[in-house]
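In what follows, chain A forms one complex with chain B and a second complex with chain C.
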Partner chain A sequence: MDESPSPVPVITEVALIMKLRQESMRRLISIILLAVMMLIFSLTNSAFFTVSNLLKVLREASLSGIIAVGVTFVIITAGIDLSTGAIVGFCGMVCANLLYYYNLPWQEIFLISIAVGTACGILNGFIVTKLRVPEFIATLSTQYLYRSMVFVFAIRENNVITNKKIESYPVLILGGSINGFYLVSMAFILFAVIGQILLKSTRFGTYVYATGANRKSAELSGINVDWVRWRVFIITGFLCGIAALFQMGRIGSVTTDMGTGLEFDVIAAVVVGGCAFSGGRGDVFGSVIGAIFMAVLQNGILKYNFPTAVQLIMKGVVIVIMVIFDSIYNQYVQKKIQQAVQNEDAVQIRKGGAEVV
Partner chain B sequence: MKKLLAIGLAAMMVAGTLASSAFALEIKTDAEVAAEESGAGGGEKAVGKDAYGEDIRIAFLPNVIGDSCAFAWAAGMQKYLDNFSNVTFDVYDGKASVDTEVQIMDELIEQQYDAIILQATDAAGLAAATDKAEAAGIPVINCNLDAATTHTCLVAAVDVEAGQLMARQIGDSLPDGGKVVIISATPGASKGENIDTGFKGVMEEEYPDIEIIDEQTGEWLTENANTVMNDFLTKYDHIDAVLCHNDAMAEGAAEAVKAAGRLDEMQIWGCDGESKMLDYIEEGLCTGTVYTNADLQGQACAQFAMYAIGSGITAANLESTPIVKIAPIVVTADNVGDITEDMRW
Partner chain C sequence: MKMLCRSGRGVRKLSEYLLEMKGIMKSFNDNPVLKNVDFDVKPGEVHALMGENGAGKSTLIKILTGIYPKDGGEIFFDGQSVEINNKNDASKLGISCIYQELSLIPTLTVTQNIMLGKEKRIGGFLNKGKMRKEVVELINRYGFHLNPDANVESLTIGQRQTVEILKALSEQSRLIIMDEPTASLSSKESDALFEIIGNLRNNGVSVIYISHRLEEVYRLADRLTVLRDGVREAVLEKDEIVPAEVVRLMIGKELKHSSQSNEFRVSDQPVSLEVKNLTRKGVFHDISFQAHRGEILGFAGLVGAGRTEIVRCIYGADPYDSGQIFFEGKEIKPSIPANIERGFGLVPEDRRGQGFTPLLSIERNVALTNYDTLARNGVVNAGAERRLGNEMVEKLSIRPFDSQIPVGNLSGGNQQKAVVAKWLSRDMKVMIIDEPTAGIDIGAKDEIYRILEDFASRGTTVLLVSSDIQEIMKVSHRILVVTKGAIFKEFSNGRITEEDLMMAEFGIDEEEAEKNG
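Presenting the complex of A and B:
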């Protein structure tokens, strides 16, 4: 009789795979890459590893990072939101308009920015879930809609768009810092912590993962998938409203191009952080690492003043490498899991006395 | 639901703690921090640096680096600064984005450049960043597009006057009135606003019979202007003149008009005076442009930067921004030959 394989290694391997889940491994790699990049910049440029510069890097990561918290939810549900930059511009321009023409108090401005952002999120979610328009098309369309609204609300003098400085100190102070630690960074950390808890420790978070991993199964399990998808867009819109306030505070004005291209920075941060476009994978912590990663890369690029073409190549290459790695590693893990399950099945069959072919 | 409530309450507590600590610790704007860090009280330099002896770093941050104007300015600056072996000159790319320019300004301040030459994509948008640099003791010299705040110097091509000059050229050539279309800059861009102000002001006051029948943005780009012009040509049976806020758009419009076979019907005007536009004027594709000697303008910016570093002048010493105006020259087929090769960019 053939010597039957010991079940021990099979169980160990399965356990190992379970422990070293793709998500954790991916996160580890992001952190290692971030550390390596920081090490390289630190060793080659004395201006990089200073407290002041690191706080500025965190500040640069924070604006896209705040929105990335929301977009993480969207991408985990296998969705996409291309309208975030335009929402930021729209929220900002509405506030600038109301400040200039009506001189509203800052409390109302804050609420209006958040309300406009949330309303945009509600509209995105409605188009996606109720009108059954694919996320990509829906948010691409609303991107144009919100950007056009920026021009509608733009301040005009003699019928010519004229961007004005913001004089409201409570709005400007949002671009400020306490002992070098920027308020936007504090908000980033706060929202990241809340987002991570929401995603990992609540029923809603579980529904988000379930919706992204297998929408049909989630539906059959009784999850109101549409409501989950709608809510993730609302969260993103809400965070865009918050981000707009901080951007206004930093720039001290709102221009018609505010937030243009921001959606790509956000998506890049989320993808580098380990979220898969196929859904069901990733978390806010990863996106935080992704946002910081992109900010460190940008900071390093500026320190060396690489030509524009090189800058774009560097950013593009990093994202492509991450996506390719994800794809290959995903296949590898799937294969491993399949093998492990097969082996385990074989052991079980042998235990039962059946012959394995 | 309970968890959400708990998270919400926790968030409020954290926010409350942060807010209370913030007030206790005092929040400061960037400019306030920069002024403190410069250690010279509000950005005023106690003594200027020896600009012609010590190591100096000057940065040029144009709206966008791929633009022929930016290239000519940078060449002019480099030409002047090449005279000094102690000066390092770096050019950054603003990527036509206020957000990017603000981010780069922060980086230049962090890297402690000795002077920044800035082409502000938006006057209001770059005001806070300019304030911050000046507060840190770094003189900001604006090239062409100003920031809406007091700073060391503005070296400007005169856009309002350029608009007025083009209005008069078109107005005088159409004594019986006519129809004009405008292909404008990206909405909100300072240069576009200025040209519009000058052009429309003169048209309204001096040439009431000339009607501006349409205005669409070409977003500074040749290809967009070509599309817009094609649209105008389909829409209107007769157009007397086309005003474009820059030469690149005028070139795009000219190609569209040429393809439609209507070159004889209308005048096409641009603004900048880049060498390609001068070629178009010589070939009869465009009517005219307002030429600015960008090379000279770049040299003037660099000269001012060196002077400001040496003298220690920053916004703190000034009541308003000193302005150096580069004289505009209207160039048409009659005088395009006067712009010699060495003046072309």
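Presenting the complex of A and C:
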């Protein structure tokens, strides 16, 4: 630029952070943390770092990971979905019921599972945006509703709920693998890629961020905020329907508690992956890292034969640490920016990296 | 040619003005705020709008941007008569307003923010390259310095303002209203903003510039309109803008010697609170003063001068970088619980947000600061709580006379009395009270003044922050004038006039001005 005051650009810490963008920095750090954790497990346990174990870890991450793709959208709009586990149970039980009593062809079963999940998402979004019920309360209530539906559709013999084995081969195939690479993991990767593109490269994705970060401003920019919030629930419901199919294939039957507690694994993955509950921050890629992170942790600590209580404590502690880390990191960045303003010597800040222009 | 072919009232000869507001009238509850105001802006000029608080500036702007409907008058834009009924009407015409609280999405980039709601797409996908190119073109056309790919949250306040301005320009704005744009900017950032405003002017964009800072107006404005009490007092051309003259116009000449202050003097009571070189970087610096027992010490100054920030630091609500605070001869490190123990109290500026808990009853609100006496072992003495509540309601005549009513349901004046009541029963040593009468009716104001006098007569040091010139002159025993984060002047003996105080608030030293001619 013609009137550039300092010919030698000084790269300060702040400039560096700003170059990398806060988001990429955060992503880099979570990948490093994941790598460090994997390194520790590999060094202390020979059974951890083998191809078959790593593929198993990926499989464990995949079920909650698929749903986490959708919940990422919900949390970026500053919402929450507590009903995902119940939706999975609902979809699974409807399919098991139809297979047992009507022996429907697999194509119809696939469609029905996805349709039921999507319908649940539509209802969630309707309650949130049209009936103006806060996300937390709305999805807490629908969680009970969907779980009750599981009992409505449960298969009974002599009025006693019984588990029946699923006989449909195409459904069971979904639980399998190709050379040890599980189909559910492929689906996970596929939906993660689609989700990331949707979030980062479409108008809808931009609106998801805008809605979560500053709803008022988004409205003033002509965005139909309610429709955005509705659609993120529909996406999540759809993915729950998909996840239910894979879970059925893996277990080979559907119990009434299928998916119970799954919603918390999903939320944990999303939060560990860097989405802020206050909205506007995070992405699908982060949630993928988060899901894998939780699966690695689970798999690693299992190998030490810790008591269940210790395993649960470790999971909880890791989630808290990651969230604290996030808030400290964000504060740190904000402080750096403010310091730069106060010192007023940061010409490169004011010029805002004009070199790219 | 097309224009001329059209028949009827729409045809006017091309006006030299971009915007003309004629005979604008506006009243709130039969209380006229704008009385037949004319206001006009030429294309490509920076037009400053000045006036005291309550002169009608913000009402005029809100009518122009469609937030308030006008009661009478006409608005012409580009020589055409227009109706502006909402924000959309205003932005369609090309009028936009840069507010102090910015409306950007912090986690999106500069480009995404500017293009929000008008994204370019190929198929279903964003055309990021094209959007970026448009933004870069916009940045270059107006000579800004901004990285189109930076996240807004990584920008300084000044840069965010630039993004807001760009967003307005991308919507083909021809008139940009800036309301106190430099209030939260550093001096360097302000300079950058002035450069931007210069570029806008060169590109034919008009700016309405509202600011209390005379030197900015002096530097930037092509013309200046002064409003006083809802009337256009004067329109000055660039060479007529003289700071002292502008202040006189804002006060009104006939008031010059009519309204006088208390007889100021330094109290002979012992010093209760002493502050030495208190500094908070970027907010205020080198604040030193002594406050005596039984003294009402006024902090006068313009909004944003740093008065609230100073008293909040003394109370312990905000940190400071250097300096010392002494209370009754001993240095203290302010923390809110320790200060309350010492007998400090704060009635904050943001009454609704910080002063009381709206859903709780009057007696509960009053009790909140008194649980050290009301709940000795952690168990609340409900009878004592009730008695205290009733006592306060009676003493301060909080209406309606019922201590069970949630404070949120009271009128502004009675809410303020309830906030004061939180401290009244205690043995107060230092009472800090910030804009105590903002939005309160006259009767309640007098009662609040009486309460302040009452505090002082019992030996409490009262630190009063107020933007109401008449109020601070009437209530204070002594006044410190704060400008731009420093104590500019102290009025501690004799009587002063409104003009004296106002000049000081604007940072004009009259004695010096007279010496220099």
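Following the convention adopted for this analysis, the second predicted complex is superposed on the first by the 319 of 357 C-alpha atoms of A that agree within 3 Å, B and C clash if a C-alpha of one lies under 4 Å from a C-alpha of the other, contacts with A are read in each partner's own complex, and residues count from 1 in each chain.
Here, contacts are C-beta pairs under 8 Å (C-beta built on N, C-alpha and C of every residue); 3 or more make two chains touch, one makes a residue touch a chain.
Quick caveat, the model's predicted, so the values are computed rather than measured.
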item: Most chain A residues touched (candidates chain B, chain C); value: B
item: Partner chain(s) touched by A:256 [first = chain B, second = chain C, both, neither]; value: first
item: Which superposed partner A:302 touches (first chain B, second chain C, both, neither); value: first
item: Touched partner set for A:202, first chain B, second chain C, both or neither; value: both
item: Chain B versus chain C as contact partner of A:237, first or second or both or neither; value: neither
item: Contacts of A:60 with chain B and chain C, given as first, second, both or neither; value: first
item: Contacts of A:286 with chain B and chain C, given as first, second, both or neither; value: neither
item: Touched partner set for A:165, first chain B, second chain C, both or neither; value: first
item: Overlapping contact positions on chain A, where the chain C interface meets the chain B interface; value: 197, 201-203
item: Complex interface listing, chain B residues touching chain A; value: 3-4, 7, 10-11, 14-15, 18, 21-22, 25-30, 32-33, 65-66, 90-93, 95-99, 102-104, 106-107, 110-111, 121-125, 127-129, 148-149, 186-188, 193, 196-197, 200
item: Chain A to chain B touching residues, read off their complex; value: 47, 52-53, 56, 60, 151, 154, 158, 160-165, 172-173, 175-180, 183, 186, 190, 193-194, 197-198, 201-204, 247, 250-253, 255-262, 298-299, 302-303, 305, 308, 311
item: Residue numbers on chain A that touch chain C, as the complex places them; value: 1, 17-18, 21-23, 197, 201-203, 205-206, 209-210, 212-214, 216-218, 220-223, 280-281, 333-334, 337, 340-342, 344, 349-354, 356-357
item: Complex contacts: residues of chain C adjacent to chain A; value: 87, 103-108, 112, 116-119, 121, 124-126, 128, 136, 139-140, 145-151, 153-159, 186-189, 192, 281-282
